[in-house]
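Right, one structure below, let's go through it.
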Amino acid sequence: MTVTNKVQVNQTQGVNHSTDWFTRVATFSPKFLLLLLIVPVFGGLIGVLLPAFGWAPALNQYSVGLQGFNALWQTLGLTQMISLSIATGLISTVLAFVITLMILAAFFNSVWLDRIQQILSPILVIPHAAAAIAVGFLIAPSGMVSRLFSPWLIGWELAPHGIFPHDPYGISIMLGLTLKELPFLLLMALGALAQPELGKKLRQQHKVALNLGYCPITAFFKVVLPSLYPLLRLPLLAVLAYASSSVEMPLILGPNTPPTLAVAIMQWFNDVDLNLRIKASAGALLQLALTGGLLVLWLLGEKTVKYLFCESLTNGKREYGGTYWQIITAIVTTLVIVFIALALVGLVLWSVAGFWRFPATLPDSFTLIHWQSAVMQIGEPLFNSLLIGIITTLLAIALTLLCLEYEQIKGKLLSRFTSLIIYIPLLVPSIAFLFGLVWIQQLITVQVSFISYINVIIAHLLFVLPYVFLSLASSYRQLDPRFAIVAASLGTKPSKVFFKVKLPQLFVPILIASALGLAISFGQYLPTLLAGGGRISTITTEAIALANGASRRTSAVYALMQMLLPLIGFILAWVLPKFIYKAARR
Amino acid sequence: MQTSLQIKNLQLFRQNELLLRLNEQVNGGEILTLMGPSGSGKSSLLNWLTGALPTGFTAEGEVWLNNNNITQVPAHLRHVGVLYQDALLFSHLSVAGNIAFAMPAGNKKQRLEKIEDALEQLGLKGLADRHTDNLSGGQQARVALLRVLLSEPKAILLDEPFSKLDSQLREDTRALVFEQIRYHQLPALMVTHDHSDAKAAGGKVITLNKTE
Amino acid sequence: MHNIKCWQALTRYCFCSVAFCVCINLFSTVLFNTAFAYSVEPQNDISQISEINLKEHWQQIEKKGRNQNVYFHAWGGDPQINAYIQWVAQQVKAQYQITLHHVKLSDTSEAVSRVLAEKSANNHNQGNVDLVWINGANFATMAQHSLLLKGWADKQPNFIYTDSEHNPAVTLDFGVPTQGMESPWGQASLTFYYDQLASNNPPRSLYELLRWSKKNPGRFSYPKPPDFLGMSFLKYALVVLHQQNSLLAQNQLYSQATAQNTEQTLKPLWAFLDELHPNLWRKGKHFIQSGVEMRRLVDDTELSLAFTFSAPEVPAAVKRYDLPYSIRSYAMDDGSLSNTHFVAIPYNASHQQGAQLVANFLLSPKAQAYKQQADIWGDRSVLISSTLNSEQQALFKTQKPHPSALPFNSIKSTLSEPHPSWVEAITQGWQTRYGVTP
């Protein structure tokens, strides 16, 4: 965290030599940002578009045609793959959204909302793979749930025949995705409500509705939600895009006869039979269309809901069984929290378990050898994770701050086009452009020993930037402009205003954005694997290589390590300011 | 039947520190005015009356509305309307929508007619479909008043309701609000900084002291 | 204060240079590579070197290979094997100052795709993969696409210990001649293991397996093809099912799979699977993803019987608590499918000499003996003991085995791997029949 400051401070030094350097850099930054995002994403898309239509120099194929798509249509179970992708993506997003709304509605303006957020927000930093592993442990036939009830209640001596995880209907995937996306959406909503202007207005309007006799849940849906929803739209679309095209969760929790479309595409890309790559590229385009279709469907659904319920907003009805919903929400929330807690307890137990035969609820003995053997092999991956994470985050923060400063210099918000492009990596399925991106990166390989690091950092930046931007933008835009005006009127240069006036005020948001950036970077699997050419191992690539199917004990250790890294970041972001302010006050 | 709002032996505490003590009754059509510096507990009193006392505050005592003890009734079932200094209109609804939102459920056509009548009475004819952000301050204040009145409250609380209006508008709006309160025979409690408000209310005035 | 300023200047330069490199990577080299890419052709065939120059040739390699960074792409799913590769890294560091990086793959085909992608991008001598652990179908693919360095493996000094003249196992990979493209590393046989507490009488043959699974429904399964281990089980079944047939029919398995012979040859396999599947784990509607997952399901007591291609993995897992203490290993009476695994060097490897030094070390009696120790890896050596002197032979002496380990000499007969083209044929047929649950 302190590094962030030093880099910024040293930029100040640079500014002192050439007067207008800073403004020029700030003016150039949005263009650089666009370039950094557009080139890899659209380049990557072209890199799958060409092979999809048969142009693949790698395979000595130069004829343009539809053979890739023909092969794709003939794939057995394609319909099932598509429907599985659609169902898991859509249902998990809807579920996560509905539960988020229920929690918000039932606990709006209550202390419980903050408590629930505190309990759920650590889950935000858990990488998807680790979360999938934890969920798998819980719902497997030999998992914590059946161990808790066996053998005293059910009499199972051997693990029962179950369907979870890997059930053909994708329920396990939906469960995993819902639990993972719920805290994200909740946090996004609370983040929106934390904006001073909007938050205060909505809370007061909620209070007005209560005074007018509306039950709290109805008041939330009729008064708060219509104003809150536009701020949730983008996170929702990102969740939907991710859920319909992700690889980690369906790989660990999903069926394989057939798998989801995204997993199948990844398997075709990695298949020994290289001609499958044409089909895989065609599949990537299909995935793109599928995700795009879902996004459009969501927007249409939004319009329909708005149209259908527009009337009832003002029909004066104040109560829709609010008490029951309150109880149901309390039950659902408790279940979610208990479920997550059990999964985490299970993870911790497995990581220190000796022999632990089903149906024992606790391990026969405890041992640290799983941790010891992991710690012995963790040096390089840990170093790589930290190096890539820190550089990526620093770049993302610097670029974001410069772009936001450009907004203030220019006196208007970034163009709609730019704001849309920033979120493009979140809305385009990564499987659709990463393979093309790797192809392009190989095309322009420079022989520098750390080239793969640069490639990985660029790939990570695509996913870190949007989140850092999302997390910093609102705080930056809400800075009271009068401070800057006062400083400028005293003859302070723009660069000095930026570094000496604005950044110190943004200390806490910058720390939080850094922690978020680090967490996102730590969790990246496909980008690290592909862009790094497999040469760069991080905690996450190790966790998936070792943990995908391997021993529960090793998986548990790696999943916990995956969680610990970002958690440390967030704890630092939380503790440092208090510590520093305390010191300053003295 | 005579309507009334009774505050019985209220003691309001902030972190165990006594903020204010009150024992009053307001009858329908009367306006009780509370004055005092900020920090004297005026806002907390209103919050307690609406059933939304923030954490950190505690209260002893009872509030009775039309001979019903509503001390433990949740906020949304109290039928106590509030007018704040901000109009706090819902920006996702039109003028008519804001008022319809407040009215009891019922026949759609009758509700619309009632809204039209009410708008006309307060000189807002033809503004039903306007977006609330496009109204002037005075118009917003009147829509907010209509919204409270048409929700058929049993009592009304005024939280410095005119402090954001300029002086001419202030007098007009004040006259309108007080007239409506008397017309509907509602017990009302007003919190204000302004002596002219207190004078215009014509009811009992209580001045609170800041507690040390 | 001065220090801080220096530091700040330094970070500023770092910052600038990173930004600069990003730019370079993105733009300038596009021009550079597209302009010159086609002029570079592969020129790595060293198979023409004469016998006399062999010693000199190796000295050259030792000279050039020193101090290189060798990227060894090898499946990384087993902690024991990973630890062994770490040991190898220490050894080659001490001997040649080579820094060996183990690039852990979850599937060897990842490395194959990578080399192929490099070839397509006209990267003919700066490849990322220096050494790859490989055999079977992956080898066949790489050989077919000319992705491997030729004629080096049989020129390694330690290759003589394999007695290759009388030991075809080290020059044939699933029936395909290696032509010096691969250096043998170890040997493996399909070994079964079961949970004593769950089932006392494990099946001793393929036909018993069918009966056993009817008595113990849901307690057995195999990884979904094309997974290597799942494929091995299917090949074991295929070979055993043909044991009673004419030699002609059996020979089909060891020649190319064609459109003509495929249906007839695979027919008994599908008949067998049709009968087996309803009694598998999840009723044969979902299959295990990998061998390690199968091991975990045994630990979970969901499965009672499983198999592995690396027998020592079983006692090692028990010692790590990854399998219950009640596990016992055994070999099937009707034969154990056996194969050799190799290391190969891609044609465009950046550090070919270093890779050859590592491969040669892997083949040394010291490395092979260490690898064969049960608590290190337990992988069977590819060296023939008659070629070793007594001192070297002493390295191979065994210790008392773990109760869950495969008893000594329990492999009664070995079954050879069918021709690699059958992998594709089986995968295709399997996918059509069982790949999609109706």
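Think of it as A, B and C in the order they're written, each chain with its own count starting at 1.
Throughout what follows, a residue touches a chain if its C-beta (ideal position, glycine included) is under 8 Å from a C-beta of that chain, and two chains touch if they have at least 3 such contacts.
This is a predicted model, so every value here is computed, not measured.
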item: Overall pattern in which the protein chains touch one another (line/ring/star/complete/other); value: line
item: Chain located farthest away, centre of chain C as origin (C-alpha); value: B
item: Inter-centroid spacing, chain B versus chain A (mean Cα positions, whole Å); value: 45
item: Cα-centroid distance, chain A relative to chain C, in whole angstrom; value: 35
item: Length of the line joining the C-alpha centres of chain B and chain C, rounded to whole Å; value: 79
item: Residues of chain A touching at least two other chains; value: none
item: List of chain A residues in touch with chain B within their complex; value: 109, 111, 201, 204-205, 207-216, 219, 222-223, 226-227, 313-318
item: For the chain A and chain C complex, residues of the former touching the latter; value: 6-7, 9-11, 13-14, 39, 56-59, 76-77, 80, 140-142, 158-159, 161, 163, 166-168, 255-258, 269-274, 277, 353-358, 367, 369-370, 373, 377, 391, 395, 438-439, 441-448, 451-452, 454-455, 457-458, 533-535, 537, 541-542, 544-546, 548-554
item: Residues of chain C that touch chain A when the two form their complex; value: 5, 7-9, 11-12, 15, 18, 21-22, 24-26, 29-30, 33-34, 71, 73, 76-77, 79, 82-83, 86, 101, 103-107, 109-114, 116-121, 123, 126, 128, 137-138, 141, 145, 198, 218-219, 224, 226, 281-282, 285-290, 292-293, 295-296, 299-302, 304, 317, 320-322, 324-325, 424, 431-432, 434-437
item: In the complex with chain A, residue positions of chain B that touch it; value: 50-52, 55, 75-82, 84, 86, 88, 90-93, 96-97, 100-106, 108, 111, 147-148, 151, 153
